[in-house]
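Order of writing sets the labels: A, B, C, D, E, F, G and H. Residues in every chain begin at 1.
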Amino acid sequence: MSKKKSANRYFLQGNEAVVEGALTAGCTFFAGYPITPASEISEILSERLPQVGGTFIQMEDEIASMGAIIGASLAGAKSMTATSGPGFSLMQENLGFACIAEVPCVIVNVMRGGPSTGLPTNPAQGDVMQARWGTHGDHPIVVLATSTVQDSFELTIKAFNFAEKYRTPVVLLSDEVVAHTRETVELPPREEIHIIDRIAPSMPPEWYIPFEDNSRGVPPMAAFGDGYRYHVTGLVHDVRGFPTQRPDEIEAFMKRLFRKITQGFNEIQMTKDFMIDDAKVAVIAYGSVARSAKRAVLDARDRGVKAGLLQLVTLFPFPRMKVEEVLRQCRAVLVPELNMGQISREVSRVNQGKCQVRKLNRLDGGLITPEQIMYELLKI
Amino acid sequence: MSKKKSANRYFLQGNEAVVEGALTAGCTFFAGYPITPASEISEILSERLPQVGGTFIQMEDEIASMGAIIGASLAGAKSMTATSGPGFSLMQENLGFACIAEVPCVIVNVMRGGPSTGLPTNPAQGDVMQARWGTHGDHPIVVLATSTVQDSFELTIKAFNFAEKYRTPVVLLSDEVVAHTRETVELPPREEIHIIDRIAPSMPPEWYIPFEDNSRGVPPMAAFGDGYRYHVTGLVHDVRGFPTQRPDEIEAFMKRLFRKITQGFNEIQMTKDFMIDDAKVAVIAYGSVARSAKRAVLDARDRGVKAGLLQLVTLFPFPRMKVEEVLRQCRAVLVPELNMGQISREVSRVNQGKCQVRKLNRLDGGLITPEQIMYELLKI
Amino acid sequence: MSEKDGKQESSKKKSGNKKKKFYDQLIFRAWCKSCGICIAFCPKNVIGKNEAGEPVIERPDDCIGCRFCEIHCPDFAITVLERGTEAGAGEHE
Amino acid sequence: MSEKDGKQESSKKKSGNKKKKFYDQLIFRAWCKSCGICIAFCPKNVIGKNEAGEPVIERPDDCIGCRFCEIHCPDFAITVLERGTEAGAGEHE
Amino acid sequence: MDHKGTKLIHKYLRHDKKFPHVWCPGCGNGIVLGALIRAIDKLGLKKDDVVMVSGIGCSGRMPVYVDFNTLHTTHGRALTFATGIKLVRPHLHVMVVMGDGDATAIGGNHFIHAARRNIDLTAIIVNNQIYGMTGGQHSPTTPYGCKATTAMYGHIEHAFSISELAVTAGASFVARGSVYHAQMLDGMLEKAILKKGFSVVEVMSNCHVQFGRRNQMGDPVTMMKRLKDHAVRIEKAKTMEPGELEGKFTIGILADVDKPVYTEEYEKIREGAKR
Amino acid sequence: MDHKGTKLIHKYLRHDKKFPHVWCPGCGNGIVLGALIRAIDKLGLKKDDVVMVSGIGCSGRMPVYVDFNTLHTTHGRALTFATGIKLVRPHLHVMVVMGDGDATAIGGNHFIHAARRNIDLTAIIVNNQIYGMTGGQHSPTTPYGCKATTAMYGHIEHAFSISELAVTAGASFVARGSVYHAQMLDGMLEKAILKKGFSVVEVMSNCHVQFGRRNQMGDPVTMMKRLKDHAVRIEKAKTMEPGELEGKFTIGILADVDKPVYTEEYEKIREGAKR
Amino acid sequence: MKGRKGKKRRKEQKGLSRYEIRLGGSGGQGIITAARIFAEAVSEHTRKFVCQSQSYGPEARGGASKAEIVISEEPIDYPKATKPDLLLAMNQAACDTYFSDLKSEGILVVDSSLVDQVPTSRSIGIPFTEIARKEVGKELVANMVALGALTCLTKAVSPKGVEKILLAKVPKGTVEMNRKAFRAGISAVKKLGDLDLPKPEEVEEEL
Amino acid sequence: MKGRKGKKRRKEQKGLSRYEIRLGGSGGQGIITAARIFAEAVSEHTRKFVCQSQSYGPEARGGASKAEIVISEEPIDYPKATKPDLLLAMNQAACDTYFSDLKSEGILVVDSSLVDQVPTSRSIGIPFTEIARKEVGKELVANMVALGALTCLTKAVSPKGVEKILLAKVPKGTVEMNRKAFRAGISAVKKLGDLDLPKPEEVEEEL
């Protein structure tokens, strides 16, 4: 990011940056239900979308919002919703529909504190495992985590790109700090931004087999009304989209669902590292906590600790390879989280005893501070 | 279990056994919404509950069902609901309320196949991680898994006992096979069954501090109408039950929520083992798959493999100690599951590189067979 | 194909009546589930029932072409055609 | 406590009127949010506004005890009592 | 004579699907499907422009069989998916088929809100007064006193009038028919599809397997006769005493009003917003 | 003179809670709370026998302040929790306080079903025509054309009539009042609490912060005046032309019928079942 | 379920202590009901353990339907049939699909009114549906005819024991019809003469 | 954000390149608006990076409210103030709660109309609320008076720059009133005479 003042420099809130990202990515449909701390996304899009010929609708609840964005996507739109914990819980059933019916869409969850109504105006990272496992039935899903306003812009675009490319719902986790913090961002010029659109069928309708496997594992997707009359269902289905109970068809389908994501690991599993090259102890962090971690790494280095940071940008599919590298290199890693330890479990899982894995958890409604992290780094 | 025919011998379906267990445990309130393969639980209870002075109500959906059982519990009843995946997804928000407001209740999830509507009449184990993480915000929860009709009876009672003792929702995972299989069970005489009731406050109302900590971490619970007028909320609250944003109060509360379960690990984390004493390879299984595993262990022993089975009866809090023992003792463990690998992740997590952890996953709607498991055991 | 035979027979019998239109009733056996609706509601008792409960065209010439049977057959298993028009009988049965 | 003083003063003035009941209006400052409802709707303009927008009892003796102010105060901050009855003024203000 | 028969139906069926369909012998769902196809044919809609959305239930299986753009959603949520489709492509004719449980138990909220917003959808509710698919549990339209697998002592809840709910919630067009009155149904469906705004056609249907059997209403034929005997035309009902209508249901058009339609209103917003 | 004033209110407040309460200056929520307390006091209900349940929203904060059994549930679900309480302890008086969004957006389904089942609850809906707590997004009762933070171009949806919905869904008692008509409200609430069956009191309320401000209705006082000017007694409304009622709302009792109550019906089932 | 006990049990596991039955047909033929009655009779009237399971499509009606019964001296671990000792096929599809699983010494019983092609000579054909229609007057009770045959063929439990359960399970008005069908099934097997078939084990009746 | 680049940046991180401001008061006092305008002005009219955050209670109104601004030469990692260089307390509670966090050389600015007890002599008291009421006629704009003071005290951005943003952000009808309040805040500081205070850095105005 250049320090030069430029025409593309803006002063934005995280939630505003999500909106800018979505519009840049080509989002033309948003359905949502207000909830702190995500409401600004709805509010701004309600003004912006009609300006670009898109559609905003406030639904009766989050279940309906999730249903509406799936419908919109099936009709050809890039669609999105935004919510926070309670609403995210309500979206889970229909989120599973998007997974099994392979409907691209983006769900932004601006995390707040606690289960249930909890701490509506405090930041937290309590919905990480929920984002992966919240809907019933095994399913693949992509989960990204933003840590700055700049990220919020860029990752929203990524979220749409992944959704369209892999025909999958993508969850973007934000939190109260990122969402409501206003900061200077620099938006790249439009032409420098890579936008991916879903692939439409190139064959005539008679030949179109809507859920047929191919090398990418991602069948082309026709929109309702485009002349490809096909069937979409939340039941496990055959390649034509019709319900099946044949074990061979079920297995082929379920395996493909997972495979299409696995094949994309290379580009999907994003991380950023900071001073990791010669690090002996590393912080593995994500979301707003990664910001504290960055500062803590600098402060720890000042005190002679060879610290580094691996920031997880993609949380799921869990960027195992990158994490394993760090685990191999370091004596110890610290996983600070605004929960009781969710990603730290994943780190432990892939660790296989290689390295000391420490947790730092904060649940009192405050953001983990650089001091807290540095203190732990000095202790290791 | 005695082979003698006796007065206590019954021929029951898994779902029927859940009903018998619930009534034995003292359940007097059930609210639910029909769904395959759990509907029999509703149907039978709609006949049985009024006979014992209890109440059955079919609500408009699963969200409402979950709300109603929380309300019923607050009014003093032991309450339960039963559902399958789609309904379980819908219950998540209110399930979180039960966690944070510490309302005892039992949720039976009879698992079926796939995300979304999936495979309604096939067995699966896809909701294991959801049971742990399905609601937003970090929270503790107890998850049990039944594998036989006998289990269904006994674990339903356990589920109520844990719920009442720890003031927590307890999830009992069943699956289509266990639910619909009819088999001979022997119900112990009532007087031999240990039933736990919640502890009511013994102090006068003026002294009652509804969410005050104590040695067990579980405050006594007054029922609405008993003269203790107090406040219950889904917001993070102080010891009196009123919303708070004070970091010290938030932290004390959240820590107690987790601590009360941690303190109960000894009795909550249940496992069963079979031929494990001298095993060199072990199967770690739960639910109906544990039945196949048992047979497979016998068959593998016949072929000279020193196999054993650790059956997880409690899935969460994950019975780490028992699993670690097995991991230390065995050369390899096999975790067969009707999903892409959920409990196997937990096993890997605690494994820390000690032992080879293998997965066996089946997603095609069929039950894993003894042959499949044995074949894997022979390969290791 | 007993219905068909019966039908043709009786059609000959009554063909002298002036202006009366005649109809063919075709039952697509593969789809018919013997629900009995066409049998019960035909205003002219055109359709009877065999011992297996299956519909049998008994009085084809009495048919007034009201199409009640056709639009009430839940399985699209019965077709009523004006005799002499594009029968398409081959498609059915 | 300026209202109180004003009140007592004016009560003396009009105490000769026969049969007329008098009322005390007590404002609990700690709870009053100066929303202006009591000021705007008092049918007798008993309550006025100071420069900070806070309600001030200006014509206590005009009060007819209709209690509009009392039941419309969203903050339970105003109490109307028949003069001479259990005032409990000490509790308030 | 305009051919309205089975041959017409076949033009719209997906012949690669397994027939006969899954419904029980004599189930009203097939009759409703027939009427819907005839109405679509009559109006000359292009198959490519028709979207059929359904929820979960016996009636939810309808889309599988027909050659439109078809979507089988989650239980109770069909209208929410349909809303998304319609807003993105307003020129599509979106028909939403739901069961009574689907539309008014779990889906009740979406139903009244789609009506309130006046989203231009055609909602067809197959009201068999029971949960057919899951085995005969009571639904919000199961009559007081009836038996169901979750009401074996006799149902103590009162039934919704789906159509009246739709009217109150704000639907532009509301009609109630029955599978016995299939011909009338054709006409109602045509009107409903043509109507700009949220249209509801409630179809009283029979489910002898899960409802009739337990309530001494016997087989499909007996149930069809019941529908015939218990239906009263709305026009006639107005001349009757409330007591006389006890246990009966009215058929006909309950509401047909013109008011701003969501998609058109939204288009105006777009016009205004594009400065 | 029967004391009906603030002193009475204080008997029911939780004085260990922080006062003044959280609501904005002049917010109608406090007026509703006052009316409810007066009604409870008038009826002489024991505090121990009163349960106050609420959802999430500004109105949802009500239970915190009063010394009853109080329950602050999840957004939209208050009636479901209340149903569980009532069925287990039918002698308790269960009052459910909801916002317009709470009761009829996310909670609309529970609302119509509680009405249909005729569960003996008292539902109080504080209708400020907006989502107050989350910052002024439109609610299902926001009037057509109004502005809201998610309807800055003017609202294109039509508003529910909450009370009419309740009537159609089957509530036993339905009344609409306003915070301006607070005295009348006391009486409505008393009737509603006494009524066996599902009772609804819709209270038109003011939210100048999130609704008034954006719609040129100014401060609390101006909004209260509006409530005064726009309210028409039901009796009077019947004599008026529909056109005259444009933009107005009616106050009074919309329904008051006697029909079997769920808890009593269920008790009969229990009697019959205990063989 | 401790290791030691397990070891002991393992030895007993040998031999014909486990007997598996599979019934296949189409939804609506009532095979699950038949299997359930049979299994319950075994559970109620013998000392054996029994486990009955089923699988079916998500359809309201139609579709394939399967029911299985495992009978054992021991508590039953795996609840499904892997190599059935007896396969009862109520239609051709069931016969075709499941025949390959049948134990080599297992017996195949088919409804000869609906199954034309039998894949083995070691099979017993009985026209259940026809018997139901002709002798009882209602095709619907073909499942009860099959139940009679099953009882008679397996000898896992006495006909009296099965009949007792059957009569308790069927709707009041249909008791006579069902009894008649059940007995017709028994007679049909008896007519076949002496069949030397493996069977679960001696019947220990305790009515 | 690669390691190498990070190392280089780390060196620059020294010195007073990071300047932290905290504003505390109660909900409804408008401190978040003030902070937002100030931060946006810094972002818009200087080359510095700025980050503005806040926290507040779940209440509609009332409750405590806090806003923070971090200004830096570098992209900002931790977005919250840890040791504020300047604390502006709009009421006693905010003063009491946050004073201990203040950097030792930091300055405390209080609304002397509402804060009676000041915990340090190194503090500047300006009666924002009183000024707003008396000079502008509306207490509501005390936040704008404070904004004026803040601008003048920190010198992070020119008053002109702030005023420009301010005028764009406030509702049409209130422009004059807000400008007046803002300027009153500036005058109030100027009246205090020359204060030798640490400030973020030279102002590079680019209006």
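The rule is simple: a residue touches a chain if its C-beta (ideal position, glycine included) is under 8 Å from a C-beta of that chain, and two chains touch if they have at least 3 such contacts.
All values reported here derive from a predicted model rather than from experimental measurement.
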In contact with chain C and with chain F at once: which chains are those? Just list them. E
When C-E is set beside B-E, which has more C-beta pairs in contact? C-E
Suppose each chain is reduced to the average of its Cα coordinates; what separation in Å results between chain A and chain D? 59
Centroid of chain B to centroid of chain H, CA atoms only: how many Å? 53
Averaging C-alpha coordinates per chain, one finds the centres of chain A and chain F separated by a number of Å equal to 39
Can you give the whole-Å distance between the Cα centres of chain B and chain G? 34
If I count partner chains per residue in chain F, which residues reach a count of at least 2? 20, 23-25, 27, 56, 72, 74, 105-106, 108-109, 113, 140, 153, 266, 269, 272-273
Chain D: positions in contact with at least two other chains: none
Chain B, residues touching no fewer than two other chains: 36, 47, 50, 60-61, 63, 86, 93, 97, 116-117, 119-122, 233-235, 243, 245
Name, in rising order, each residue of chain B that touches chain G in their complex. 1, 3-5, 9, 11, 36, 119-122, 177, 180-184, 272-278, 288, 291-292, 294-295, 298, 301-302, 308, 311, 367, 369-371
For the chain B and chain A complex, residues of the former touching the latter: 63, 84-86, 88-90, 92-93, 96-97, 99-101, 111, 113-122, 124, 126-127, 129-130, 132-139, 233-236, 245, 247-248, 250-251, 254-255, 258, 339-340, 342, 345, 348-354, 363-366
Chain G to chain B touching residues, read off their complex: 1-4, 6-7, 10, 13, 36, 39-40, 43-44, 47, 49-58, 73, 75-80, 82, 206
Touching chain A in the complex, chain E uses residues 16-17, 47-49, 51, 53, 56, 63-64, 67-74, 77, 79-89, 91-92, 109-110, 113, 266, 269-270, 272-275
Touching chain A in the complex: which residues of chain F? 56, 72, 74-76, 105-106, 108, 131, 134-135, 137-138, 140, 149-153
